[in-house]
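My questions will all concern the structure given below.
In order of appearance the chains are A, B, C, D and E, and numbering begins at 1 in each one.
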């Protein structure tokens, strides 16, 4: 079995996930809509997951992929909690624009 | 390992109590349980063992810190008895979450594999998100939860990315392997970047400048007990984990990295203290004070091989005085919608004991002798000068002076202002927690060797 | 030896005991008893002194008594000890002697004052300190007395403490004395470090045996000591306190500010004659200062109208003459003049006190006149004293003053001239005083006139005694056959070899002095008896006499040069510098607070900003570590 | 250029484009759908890397669970219309600046670093079949696996805690 | 029997006082104060008999810190000053009613405990701890029982606290630095250090900052006058009578022997600073309107002279400084007590509102005058001995120092007498001034008695302190 990375090169995966990660970062900073911000965070996590798998192939080692499972579990848990918080904010505030969350400052 | 299992078991037990409708018994049982766990941990003190393919490594470091966490949790749970009086239906959830949080914390200081580390920190963080937002009818609490959640998951993403790069460089998550590899061959640049990213993520958790912005807002918005937890337990856990992470994975960190640590440490102390000066909300003030204490604790990273004892001591001193301070805050600000300094006016007259305890706690944080905070700073200074960073120590000293300014603002408010209203009721548990924690603090101050020598 | 110690202790402690008794029981004893107690305690001292005086011939080297170790300095230690030799016994004699008389006088003089017991307490304390000053065996014990008499002078000048002007005068006296004291201390320091001792006897041997000492420092020490003497003995530039000190009760002026305390400077310099002899430069300074003081004070005395002020300036002037003698190395002459001066000046002061007493506190001579009929004893005694001070032959002052002039002439003609002019003036203003007070018609109110009377015998007896002494005092040191010189030879070894002969020059000089004195009296007579002039009102005084009347504006100058600037400085420090310094310290706090206030704006609650900073921080760290390092 | 590389490039392009679109589309529903596409393309990458099991799990978890959760929430809040206020310029500027910065910095570092030379290791062993993964997950990684359950338990309790109505105590 | 006994008595006393309740507090405090005084006299006796009364015990292993209390002559003298003044100060407060007096008196004893500890400690860290510890009680005493406007007082007291703390933290850094070199902070170990001139300079400066603020030397004195004014008289007495001696004592015990090279090199600067303090303090005192403030500035002037004496590095300078410290301790306590006595009757500290008291209360006036005279160092008072010795030592360094320092003789007399004149003399005051009570009289007579006794016979104290000062001088003059 041939290592697929011989065709693509690990660097390309790194660049891809770095850019994807940065897009996630960008999304977090750019959007005021909390839901989209959550999505951006998901993008960030997925970028990392992608890199995990790439490294897993690079090392021919399954641990990387195992870690992705944990990462997914974490992502799921985070989203669940995040959305729960979001819902209660929405109930209180009627909006999910994070710019409205400026009561705590100074 | 046993500690971890016992804690998780205790957490599950809590949930079961809810089912069997034994709510009243939850707090006492949990405290007794935790005391048991504490005993268990202490009994394992001298054994150094690794469990399950090196997933969990029990060492002196982990058991001492775990004991500290357990003690702190006991206090926090005890305080919960009073705090959640009006939320009886949820009390088991609250307590259980705290127990699980403790489990995460223990996992974080005893990890042998980055997976455990990551999961531990996520358990801790998610528990904290929930606790921060737990007062769900309160917009401030919502906001705090949201802010903490967003920034926390952002930081988690960064940590994850760092772990990923470390894995990419080493092909393993096991810290012993990583540390062996890190000393041998030429490393891909991924490894140091990974370390740096993980460090940054942890710096966020300990609220070091410039990653500290969340702390004051979240501390202010969260329910007071959660703030207490964050500012004591969570901060100490994060700091201990960062220390462990760096010390386990690469024996000597580079000089330029040390410069970064120095700069961040200085910035944290300075920003934290200066910003705290003008705060009127006590929780917010303590948040900034926490930022500066994080800066102090970061000084331990400059002499990784020797400073575990000082970190433990500093952490204990800081968190014990934090607990004492927060128990007073809980008492004073119960049934009030804010923690403004005005609430503390005249406490010296209406409740001299608590006022004295708060004073002692603040003096300890300020680093006045016989309180443990003084020795904590002292050993830290000692270590840092030994490592050759005199300038950092001088900045730290200047900061200690600034810090007195705001600590004393609170003390002055208690003793020189007229009380605005009578406070009724003497919640025994709050008194007990406050007294015990401050006594522990002073005992540490009188006999610093008790703790300092543990990890020497 | 034991005997001597005990008697010396009695000598010293008797007045102190009197002081304590008067302080604690004075009020209950009643006025008369407390006065008697005070007087007796001094008389006891006098008797003790006489005991020592009688024994001194047998012990020419004097008696030394060491009581205990007092101060320990690294290179020497200071005993608390006494030295009873010719010089100190001489001083003790007239201190306790005149002291007793004045105490006696005060019993009557102060009998109206409610705080009479206090007055006697202070007087006793003064005598105690004066004795200490005189018999201290070293400079520091002398310094106790030195400061102590200053304190008593302060207490007594401000005796009528309800009047703040008197208090001011007292304060002024104390502070000016202290300026001198600093000089004295500096002198002590230098002597101590040069010779490792401050004891008179050992100092003398040390100086005599020291192979080489530093001339410069010895001179500085001598000069510093002289400054001390200036303060205590009211020499230029520290003399202005003495006229003001007349605010005190008249016996005080007589005792402290004429006869005893002000001679302390002369005592000290005589005591340390072996030191001053080594430094001619300082000696000439002393001589010049003395001569100038004599002249300046005499000129001011010419126009004063307050009877006590005239006497005060006269005292300053006479002290100046003594310093002139000291400066010329004629210590025995100075001492001689001290003694005669003590007699006649005490007499004059007491006489003036008698007058003031009779006039119920009136001190302005313009409101006196014609008192000789009402107060014959006072008049006669004062006349004798005036004749003595004016240098009329056969009175004591003639001998002593003449010797000073003689010495001056031998050393330096200009100094002699100055001193002569001063003594002519002395004669003039003394008789101006006499004429204005006792001759012509009474110029006071009818009320006063009605009450004019001769003072009671307690007042007149001391006057008579002093007048007798003022007359015959000159006998102790007749030209050519001086008992005093012989007596002082152990102290002043030079005297043994000095030759005493009276040549033509001396006689001519004597004649000049006598004629000068008579001329002075004559002018006074012409002006105040013949022309019957009465000094004009204060406002009408013009020209140079206004300058004189206002004492050359020296007080005003001092005020402008020292007191005002210090006060301005003090106010400046208090209001500006202190506030500024304080603000500087607070400034640190303020600045940090302000930064904090501004910093709060950065923490604006926006997650976007927080994350932005987060990312910036991340970028900064990562790029520093991985881009900048390459 | 090999086929595999072309596939990679296409997939990468899709991934990045949809990621961007997720962020830029005004309607949250659209965002969600773009994100699903993005996840699918990432699954494509997994398949490309021969991690079939992971790809399936990925689709199930992300597209099947997480995205559904998002969509439910969006609908629950009735957010299908664009409510978002106009973003201040400073926000956009800041976002772009930080995006560029972090991108440039990270990429520069990786470009600057030593390139990986030589062949990639090929052990030929099976390392990513379900069997192997299962063994590793439940042997070596048993503790984290169990611990993940705690994580999920906490999340569950938390979500309940945050959402359930309190019984009012008398 | 060793010196820790004193500390135990004072500490136990503090707790006992607190537990005794408001009514008994003052008496219990006085009892323990007297007990401590008695104990220290007994210990002094032991010491003079040559018995070992030091106490050393390992305290912290890592870092290596000992609980070391060493009693040599110097420490014993300062200890006596503390333990004798404490009961006097407590007794002096008997005429006042303090609310919450149990805390008040407990704090006094606690402060006394800390100060005694400072004088005894011979381990750097222990010393530092006591040093800092003494700040807390005085902070509360000044804050809670002080007088004047609360806000103003708060400002002054907080400034004082932060300022002094700021200074001492640098001292801590210096200690930590030395610990690196010596591996212990025991005084004898630190003496053995061979530090370079540069190191010594920095250490010297770090110490200097702490001491200059505490003593205080100009220009670090700005906290002093305000705190003295605002604090209750008891607090002011503690501050001026004992606490500022801590700074001066520390100069002799710690600063000079640990950094002798720097001390010698920059001697002139520090002497100059002390003397500048003398002149400045005296001049500022002239125009003070508040009696306590005036006394504060006079204190500034006096300690300036003492500090100048210590920095001469001669036996005379050190000895004079110690003598003057003790003398000043007593006299300043007496003077502040006088201010308090007037305040009890007239409810004012403004000199302008006093005057004409002498006719009403001659006894009080006499005692006041004696204290004034002692303060201006009239011979036969203790202060003269100290001042003379210090000035002599200054003259050994440079005669100008003695002359400038000696201006205290003139200026001191000026402002003190001026104050006395305006406060006590003049036309009889319209307000009634009750004569001193028995308690007040006893206190003042005690103080005056001490001043005169040692003024005439300072030998016991001189003999007590000289050997230890000589030892310190050997340390200062050791060749590095």
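Convention: a residue touches a chain if its C-beta (ideal position, glycine included) is under 8 Å from a C-beta of that chain, and two chains touch if they have at least 3 such contacts.
Computed from a predicted model, the values in this text were never measured in an experiment.
Any chain that touches chain C and also touches chain D is listed here: A, B.
The set of chains in contact with chain C as well as chain E comprises B. Seen from the Cα centre of chain A, the chain whose own Cα centre is farthest off is C.
Placing every chain at the mean of its C-alpha atoms, the farthest one from chain B is found to be C. Comparing per-chain C-alpha centres with the mean over every protein C-alpha atom, the closest match is chain E. Should one ask which of A-D and A-B has more C-beta pairs in contact, the pair is A-D.
For the pair chain A and chain E, the distance between mean C-alpha positions equals 66 Å.
A straight line joining the Cα centres of chain B and chain C is 78 Å long.
Between chain B and chain D the centroid-to-centroid distance comes to 31 Å (mean Cα coordinates, whole Å). Note: centroid distance chain A to chain C, computed from Cα atoms, is 98 Å.
For chain B, residues touching at least two other chains, in rising order: 115, 119, 122, 126, 129-130, 133, 136, 147, 150, 154, 189, 193, 216-217, 405. Counting partners per residue, chain C has 589, 600, 603, 605, 607-609, 611-612, 615-616, 618, 622, 626 as the residues that reach two or more other chains.
Residue positions 10, 14, 21, 24-25, 28-29, 32, 58-59, 61, 63, 66, 70, 74, 77-78, 81, 84-86, 88, 98-99, 101, 103-106 of chain A are each in touch with at least two other chains. Pairwise chain contacts in this structure: A-B, A-C, A-D, B-C, B-D, B-E, C-D, C-E.
The touching residues of chain E, counted against chain B in their complex, run 59-63, 103, 125, 128-130, 132-133, 135-136, 140, 143-144, 150, 154, 158, 161-162, 165-166, 169-170, 172-173, 176-177, 179-180.
On the chain C side of its complex with chain D, the touching residues are 608-609, 611-612, 615-616, 618-619, 622-623, 626-627, 630. The part of chain D that touches chain A in the complex is made up of residues 2, 4-5, 8, 12, 15-16, 19-20, 22-23, 28, 31-32, 35, 38-39, 42, 45-46, 48-51, 53-54, 57-58, 61-62, 65-66, 69-70, 73-74, 76-77, 79, 83-85, 87, 91-92, 94-96, 98-99, 102-103, 106-107, 110, 115-116, 119-125, 127-128, 132-133, 136-137, 140-141, 144, 148, 151-152, 154-156, 158-159, 162-163. Remark: chain C residues 589, 592-593, 595-597, 599-600, 603, 605, 607, 609-611, 613-614, 616-618, 621-622, 624-626, 629 touch chain B in the complex. Residues 159, 162-163, 219, 221-223, 225-226, 280, 283-288, 314-316, 319, 356, 358-359, 362, 366, 373, 378-380, 385, 388-389, 391-392, 395-396, 399, 402-403, 406-407, 409-411, 413-414, 417-418, 421, 425-428, 456-459, 462, 466 of chain E touch chain C in their complex.
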